[in-house]
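Following are the structures in question.
What follows is chain A paired twice: with chain B in the first complex and chain C in the second.
Then we have the complex of A and B:
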């Protein structure tokens, strides 16, 4: 059943696989856009007789991308979104065809094993189908590029005047846009953690941008979070991926910040574009967390220390359990973590949760 | 009969009046208002009269001793001079405030923390009083301000050592006694020392103790004897309150470290360092140690380095066998980190990933234990205690009783120490503690740079092309270090505080030389300690 990808498609996929492996794509949004562009090209290059063959091809591409960078959730999300678009289209065609004879109970019994012959598409049909799918992906790309617009509109509702906010994720572009938008209506102070060692340069740039936009900004070391938390009104975090259970992945160190916020009963809200929602469940924490360069913690030139240390670790991410987050703010509105699974169901098909 | 002499001597008459009054009151309550008024008057008069009487008595005494009234006046003048000398301490403070160098860079402290004293404010006055400061204090202040000596106990120890030097070299001025003058002399030194960093709680306690000891020295002793006694007392203090206390603490705490257990610690604490060494060297325990470290001081690295430097001394039996088999090789001594302590070094951001591994207990150092049971320690301690508490990992803290303070504090914002924010901006990737220059030197360099800039500016204004190039260069610079000129950005602040406060509910046990206690027992110990 699993077909190997044809050479033409491999030629399209391989450069992206390399980029993923080398971590040359930085930023979740860039990855999302790159993957959807790739899938668009794959769909226009691929040959298929039935939509199911196309689905197989896309799944195969998804698997290849996943093995290239198993800890990158976004690639899988986009592949699954595209698969959902295709399946939706198939269903629609399905309904058009046998509207007359099928009632719902009968369809329940009979569509378990769809007769593939029905879906043998003629050439004209398949080119129509292709253009519809590509249009669907274009819409997805639009959604990803304009993700901040939907988010920003909620900013004013969530921040009051003279509030003190704290953000432990200065590398998040979404958080930055969110705060800048909020500044147009409200005056507030933002505490920004350094995110040493992985995000310190970004933190400095982030802080500077905020200050240039006349937002009172205070840069604090990661250790100071506990000391200032009692004065903080809200904690705002960016996320790398949101799981179906309502938990999310974020920068390392964020987990302790939100735990501290919980301890002080400070509300925590996470901002995330819709494309970051994933149908996966975080069953094994260790599978999710990527480990980075330990040379950022102990210099390799510091041979005396390196020689005597048993273990140095530099995790890049932290898993944040759903109970530590109060709301998620997405481009389609705010949701409680317990509701995320519904949004996931709206955007993905359960058949595609596992690409293997 | 009794009334007549009373009128003649007004003093006594009033006193008898007042003594009579209560009786009169009891007898005639209707007249109580009148009598009370009388009483008030009489009280005032009484005081004045008593003063006069005393003065008269003194004069009489002095005359009896053979001092003429003129001499008395001279003596009084001398006294006044003395008083002025004594007040130099407060004068000094005034001087300090007046001589604050008006720094052109605005005060950049976040509004929440604007009540705390900045490093600039602390240092502003130091050059103006440095001439009356002992050179040993100057060098100590430099070491403390550059974080060469860091940690409550090392600072306390070095301060007491320096005090010994000062006392040994102290000569009592002619018209006073050691008991009276030495305290003031030390106060000047301490005032200067404060400019390096605010005194730690333990230093404050020790200073209070020392001043008390000075005042307790009997006046009969000669200066040399007194100085000797003081130095011995300081030595005893160091031995008793630091060395022996630490040993008791270590013995108690070592019971919590078993073979094969995993211990987590944060930063560097002298007593904990000794504890780990003791467990490895003397008790021959093998255990895992997770060192959590943080920016900007990287004290965990200090602990790490110190552990590497301690080496196991090879056993005598091993030595014998080794020399017999391989005679050419000398005795091998390995650092304890090779076989006894397995070190896992992480930064505070990876705490939640690290803690999930089975940590058996957490040892925290202390700067002070406050009387409401809160632990005042290096910033970050609270976060670690909270995370461990949430995961049911016991949190222990080792703290000598000199660090106990009768202050109460509820959050880390109200009282704290501001460090130099520049430490967070410069050299963000060095992974080393900031290398600080002396404040005066820094200011000097700044001044020279400023002058240079001014010189550059004057010819530069002539051609615009040059200017444009410059601005381009500036932009390039910005790409390199976005916060290099953070002081010019009005809305930007950088907060670098030194301590935070850990609530008592996170702490399972405080190990002191008096045994293991719950944090709620701190005030009890303080009371006992005070009474002895």
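Then we have the complex of A and C:
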């Protein structure tokens, strides 16, 4: 039974949906923060009798956001994180109440049906519950805003003096901070590849910032990466989303670079905030990869080509399979790709993997 | 961001946008006979959605939609859409404005000015735009130029293309002369499509006087009519009531006029912008959208509550579609929900609407199939548009056709290069004004003629060939030739493109009927239009009588008369007739009330009001026409004084230098002036005057 969202909640959700549809939100962090703020507003505005109703509402919101921009993994992540916060809270209360029952052997054998009557909270309880969850989301917001701190601390341990690093098509603020932090203790060279046509300007800005911080930086096109790979000590990639199987989405052009790194047995580090971890599995390439403006590949004014070329396609992302990544560096530590499922389990509830 | 923005706006100025939904063209006939152009589906989404989405992105706060033809449908659509103002979700307020009398962009602008809605700079856009222009930059450009140049009134957003680009309309294309450093537009010259290829433009050298830097002459810009205007623009339209078109009248007029002294700038960008203005364009833009040139305005953005998902090679599928295992879906295909495609069919570079049923072994390429269409087995459809609810039976071949709504084609037929409509536009006959002999003749020879054609669509078929008036002229051949000559790759139909405006110049009478044809489905308009025809004479006489009675000055009367002429779109002949009748009426008033003798009355009236004719006569033939009119009118009057009236009126007009003596002779000697007894009778007194004139001439010759 799926309840429709009330008008008040729709009023909160719809502007965000429109912005997502119009691609007016850019940057994973911005989206993550926007969604958490939205959920906070929804929780303050929503009325519910039992936590399960609240869960239903949030799931519904999550579904709406997901249909608005199905290729944006982050929105789903945040919704699921918030759902996990709510469910944790419910379980905790549950445990307090049924402490004795839980210990008995009987409870292990009986199927536990969530008896709704138990959750008929009094008004006071419900407002407590509300504030606890909002506090939980605040913590989540803090985690997202301070994601770089946790990462930076590991930088010094991972990067050595006089090392040559390669960062393919960077647009990630996280990777930048990571390198800058390492610079305070270490001296190293960074090769940056640029990938035509998307994010070229960002790559240039990235290079400029590194150079300004006295890091020796070289900008190369990503087609020449094979030539330099043998000299590279580590490849550091940013990621847009990390899936439960350990694969990740990154900017277009990264895939070929990590392939090359694999040939050369060069270690590949993927840098990702915890909020980028998703409980989803990458089953279908079409569902993941956003295809962008064809005009960037082929100038629209070039009529002869535009009219005669069969197909122009401009994918904005690359999917990186788990076997091409050696380690994920997150704000809670470094993990092997095969271990990601475990961290996902810690942060999400399996019943929320599918919001429908 | 949105709520914050709204707060700021309350303090700041609100940015307005005017959407012109009517193109005042018949290019999309027969499709536009039932639906306004802006509601035609493009990649299964009504056209106006693209414009509104663009406005939402551009950060516009107030949108005014100007509707004229099919206004009720547009209003209804907006009312039920997500843009409706009381919906909290809507990023701007939408107001639909009925401007039913408008017959051109110029009229709409004047209407706009009369309503006084415009508060500041505004965005003028037509309702058929597809664009991903970063509008903020354009607005910045506008503001920057405005700060530097006080006379700046208009910024045109143009996009780079090549001269023969598929999205560049052959009809609207134009040459822009720009000042290189500032992008100030110096001159605008539209390129007529039907004429021979033009290789030169004529330029007034005075225009180049102020230029000290280089100038650019560009014929490679797509002009899709996204304009940022200052509030002065509608006013200029108001002042120049002969301006019909935004570009070839207004822009050109402002640029070449010595009086207006305003400047226009062009903002040129590499982003995507195009305007759906003809069938070729419809094809090109559909393909652009499917191959993601217009990103993020692509089907899988689902901004119009659709549910498209993207698949590799630009295939877009909505949910609940049924595809047989052996059917082939090629590149750039968009399929709406609940559609069904059976075994062995192949589809490439096409859009398929909702609830479409496609049988076995059907081949569809480069075609646009709208909602609820049924296509039976073994049919082939290429380069065509099939509108809603069409039924196509087995083994039919359709090449380069446009099938209007509800057309049925029987089996084993081959259609090539035709536009088909479900039933003839019957109302056309209503326009045959029984009182206007000439008019009904032109109707038959040049108007829309509908051929009965059973062998076209088969026995059980429903459909008639639609022929627009230009096609029946020889123009279509030229059109075709010139388009082939310039090497435009015709992927689509090159059926005629006739615009009302272009016809306007040729013949005003004709124009009015065509424009009503685009609104045939609204009965009340048809009626009102017919009334206008009869009304002009009455209204004009009333206007002049009022002026005489209230003793207005001549200029005011003339202005009123001219406005009336413009709004009702009649020729100067009618104006002269009305003026003569009203003046004579005034004279008769004096005679019947016995305040003055016929002669004195006429001298009094014509002396003070005869100058009215001065501004109604432009050619020598007009003078003769006036004389005939005078003769006709007076011949029907009381025999007691009609000769006196004619004699004196001619004499006074002669003295006022409105009529030259040669023309008087010409009229006098012509056969028409002695056709009936009445006419001969009324000439009686005037003969003396003629004799006198001739003598005077001879005398002066002798001198």
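Basically, the second predicted complex is superposed on the first by the 346 of 356 C-alpha atoms of A that agree within 3 Å, B and C clash if a C-alpha of one lies under 4 Å from a C-alpha of the other, contacts with A are read in each partner's own complex, and residues count from 1 in each chain.
Here is the rule we go by: a residue touches a chain if its C-beta (ideal position, glycine included) is under 8 Å from a C-beta of that chain, and two chains touch if they have at least 3 such contacts.
Predicted, not measured: the structure shown is a model, and the values here were computed from it.
S.K.: Between chain B and chain C, positioned on chain A by superposition, is the outcome a clash or a fit?
M.R.: Fit: chain B and chain C sit side by side once superposed on chain A.
S.K.: So in the superposed three-chain picture, is A:300 touching just chain B, just chain C, both, or none of them (first/second/both/neither)?
M.R.: It touches chain C, and chain B stays clear.
S.K.: Angle chain B-chain A-chain C between C-alpha centres, in steps of 10 degrees?
M.R.: In the superposed model, the angle at chain A is 80 degrees.
S.K.: Considering only touches as defined above, state whether A:150 meets chain B (first), chain C (second), both or neither.
M.R.: Neither partner.
S.K.: Have a look at where A:204 lands relative to chain B and chain C in the superposition and call it first, second, both or neither.
M.R.: After superposition on chain A, A:204 lies in contact with chain B alone.
S.K.: Examine A:223 and indicate which partner it touches, taking first as chain B and second as chain C; both and neither are also allowed.
M.R.: first
S.K.: Kindly classify A:15 by the partners it touches after superposition: chain B alone (first), chain C alone (second), both, or neither?
M.R.: After superposition on chain A, A:15 lies in contact with chain C alone.
S.K.: Check the residue A:259 against both partner chains and state whether it touches chain B (first), chain C (second), both, or neither.
M.R.: first
S.K.: Does the superposition put A:313 against chain B (first), chain C (second), both, or neither?
M.R.: Both partners, chain B and chain C.
S.K.: In the superposed arrangement, which partner chain does A:70 touch: chain B (first), chain C (second), both, or neither?
M.R.: After superposition on chain A, A:70 lies in contact with chain C alone.
S.K.: Quick check for you: in the superposed arrangement, does A:23 touch first (chain B), second (chain C), both or neither?
M.R.: Only chain C; A:23 stays clear of chain B.
S.K.: Who contacts more of chain A, chain B or chain C?
M.R.: For chain A, the partner with the higher number of touched residues is B.
S.K.: Rounded to whole Å, what minimum CA distance do you find between chain B and chain C in the overlaid structures?
M.R.: Between chain B and chain C, the minimum C-alpha distance equals 9 Å.
S.K.: Share the list of chain A residues that count as touching for chain B in one structure and for chain C in the other.
M.R.: In chain A, positions 285, 299, 302, 304, 310-314 sit in both the chain B and chain C interfaces.
S.K.: How about chain B: which of its residues touch chain A in the complex?
M.R.: Going through chain B, the ones touching chain A are 110-112, 288, 294-296, 301, 304-305, 307-308, 335, 337-338, 342-354, 356, 378-380, 382-383, 386-387, 390, 411-413, 416, 424-425, 428-429, 431, 481-483, 486, 489-497, 499-501.
S.K.: Spell out the part of chain A that touches chain B in their complex, as residue ranges.
M.R.: Residue positions touching the partner: 164, 189, 191, 194-198, 200-201, 204-205, 207-208, 210-212, 214-228, 230-231, 251-253, 255-256, 259-260, 263, 285, 289, 297-299, 302, 304-305, 308-315, 318.
S.K.: Which residues, counting only chain A, touch chain C once they are in their complex?
M.R.: Going through chain A, the ones touching chain C are 10-11, 14-15, 18-19, 21-24, 67-68, 70, 285-287, 291-295, 299-304, 306-307, 310-314.
S.K.: For a test of understanding, state which residues of chain C touch chain A in their complex under the given definition.
M.R.: 1-3, 53, 56-57, 88-89, 91, 132, 159-162, 164-166, 220, 270-272, 288, 291-293, 295-296, 301-303, 307, 309-314, 331-332, 489
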